[in-house]
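Have a look at this one.
Naming follows writing order (A, B and C), and every chain is counted from residue 1.
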């Protein structure tokens, strides 16, 4: 399945952890302003694939990446590319929330500050806006100076989402962002995703098929480092073409 | 603009880091290199095969065999003595005590702290102890002081190695009905190379230390023949020769320093090779 | 009772006793030193001993300030030189260097830690002293023999490289990778991430490591003795002055001059002073480091 103008286009991507061939010949188009989900068993390479989108493997040097990842048509692995500019375009939500070791306020202001925003009023304004965007403002407005680590896990994850939004990304990458959360917090995050897809392209790794169905427009099934099938979510979950997909989906949905 | 500025900062600090790494690595090679360059010309067979003849420190003939042998006696004796004390302690805190028991933690913390106590303090204490016991500066005195110094090194190293043993191995042997003592033997066999590393590190420390043996072992031109004999050590010999006003004697100090360098490098490399197995996830 | 179980029990008891006794060693050392310093402490007030710099044992004057200042000067120089260097190297090794490069550098650091103090002293005499005497000092002071607190500081700095780097690397490894990744994904550069996240998160552990290194520098004896040139007690006034640190005081005089009353007691008091300071520094920083590590597990 291909798109005219995909936001991200992956072409023949291979990734090795030393001798371990973790991603094999991945080619996929991630459509603009839609939610695309990746499902698949543990260890199949979902996190690994997601990290190739914003070159997070750069810091681990045993990793070798081959192939192309085109962002708006430009290869992010080409020579001379400004990695930080690419990462700025993508907000990452990890499996467990990792607030930075600073206050709630500073967590949100971290990104804008790094990119050169010094104006206090503007920062105040940004912090308020993005905390409201993730429905956290009312819960924390009286303790913006408190360390972010004091928040509950669910609040921390929303904070991390707001922190990512504050650098004005175009894409949100979520790596099982609800797996550490309670049902209520999970629901909040899912609702946020549905709102956010108006403005952002969202890529969501999840192992909850119901979540994929509730939130995503398109869905890819990853198995042993390969993309087995990629289709509109309803179709992939209810009427998969490949036998492997069928087996996997049945196991969960039957 | 902002982005450009931070890229310059990024590059600036990266260059600083590389320079720092070069300084640190370079300092090692500079030290060894200096000693080799200065020591090699003065090296001779006599130096390592003869004991000092009369007036050695005034430029006389002879070598430092007495000090080489003395250092080996002291390092070997104290490593052995320290092993006899350390091994049971490490076995006890790892197999008899539960993980995170307060006694185990206290012991570990205690040895971490003792590890930091400088050798001059052990030397001064050792000497005081000897006077109290009516002993004179002797091989035995040196061994005792150095033992105090190396016990913490040994215990810490062995403990670290034993803690890399997976819990499953304990569970497996326990579930075969083995007692804790029998389990300890299984564990020890498993980590034997690590124990060797600990012994080598202790030996290396013992052969090179001065401050602990300065007052406790004394100094002598002869090879010790009994535990009561005063004993020369290589580092102290180097120190004494270096304070000589005679250029010839100082040259011998450089050559002796080269001998000591070779010894400790061999020991360090051996220890590192043996410990490789256990340091996979540690740098 | 089964003979195996009996053996197990007896061995356990024996080892317990050995463990307890060996831990009591610290207490024994402290008590021994204290007991022998008592004669001095009974005759002089602690403040006088620590704040006077008059050192004339034959006349019964025991002022330790000169030695304490000597120790502080040498230690301060060593830390000022070693801290930034080791910090940069550790950041480089943990965040920037290729694993293969790290596998080359770390063993060298290990080998450096295995070099005995006396060899550092020899090298200091051969290399640092002439360097200071001929090249560094002439641009600042009229004449210096090279034997100075600066020489001691430089040699000590190199001696504490391995300790500092190993500890820093250990502390850095406790900072979760994902937290650093979070900063990177916001578009921060690696150096910004190091500054704002890594160093911030690692701060308590880094302070503890530095304190540990300071206490190592306090106690170093023979190398400092060989290059500091301290023969006359006195407070150094510049980095090119000679210095006479506490450990050197003990090493130079212990076991010889016991005919002078209270002299031995004074030297053991110096040892006690070293022991107490280093013990406290070590205990505090080890506790902090253990906390830092436990948080990760």
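What we mean here is this: a residue touches a chain if its C-beta (ideal position, glycine included) is under 8 Å from a C-beta of that chain, and two chains touch if they have at least 3 such contacts.
Here the structure is a predicted model, which is why all the values come from computation and not from measurement.
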Field: chain B to chain C, fewest steps along touching chains
entry: 1
- request: Among all other chains, pick the one whose mean CA position is farthest from the mean CA position of chain C.
  value: A
- prompt: Based on Cα centres, what is the most central chain?
  reply: C
Field: Inter-chain centre distance, chain B versus chain C - centres from mean C-alpha coordinates, in Å
entry: 16
Field: Geometric centre distance via CA averages, chain B-chain A, whole Å
entry: 52
Query: Hey, how far is the Cα centre of chain A from the one of chain C, in Å?
result: 47
Residues of chain C touching at least two other chains: 189-190, 192
Task: Note the residues in chain A that touch 2 or more other chains, in rising order.
output: 84-85, 115
- request: Could you please specify the touching residues of chain A with respect to chain C in the complex?
  value: 54, 56, 59, 61-62, 84-85, 87-88, 90-92, 94, 96, 98, 100-102, 110-111, 114-115, 160, 163-164, 167, 173
- line: So, in the complex, the side of chain C touching chain B is made of residues 4-5, 7-8, 11-12, 14-16, 18-19, 22-23, 25-26, 29, 32-33, 36, 84-86, 88-89, 91-93, 96-97, 102, 105-112, 114-123, 125-127, 158, 161, 165-166, 169-170, 173, 189-192, 212, 215-216, 218-222, 226, 247, 250-251, 254-255, 267-268, 271, 274-275, 278-279, 281-283, 286-287, 290
- prompt: What residues of chain B sit close enough to touch chain C in their complex?
  reply: 6-7, 9-10, 13-14, 16-18, 20-21, 23-25, 27-28, 30-32, 34-35, 38, 85, 88-89, 91-93, 96, 103, 105-107, 109-110, 112-125, 127-129, 137, 148, 151, 179-182, 201, 204-205, 207-211, 214-215, 235-236, 238-239, 242, 253-254, 257, 260-261, 264-265, 267-269, 271-272, 282-283
Field: In the complex, chain C residues that touch chain A
entry: 95, 98-99, 176, 178-190, 192, 196-197, 200-201
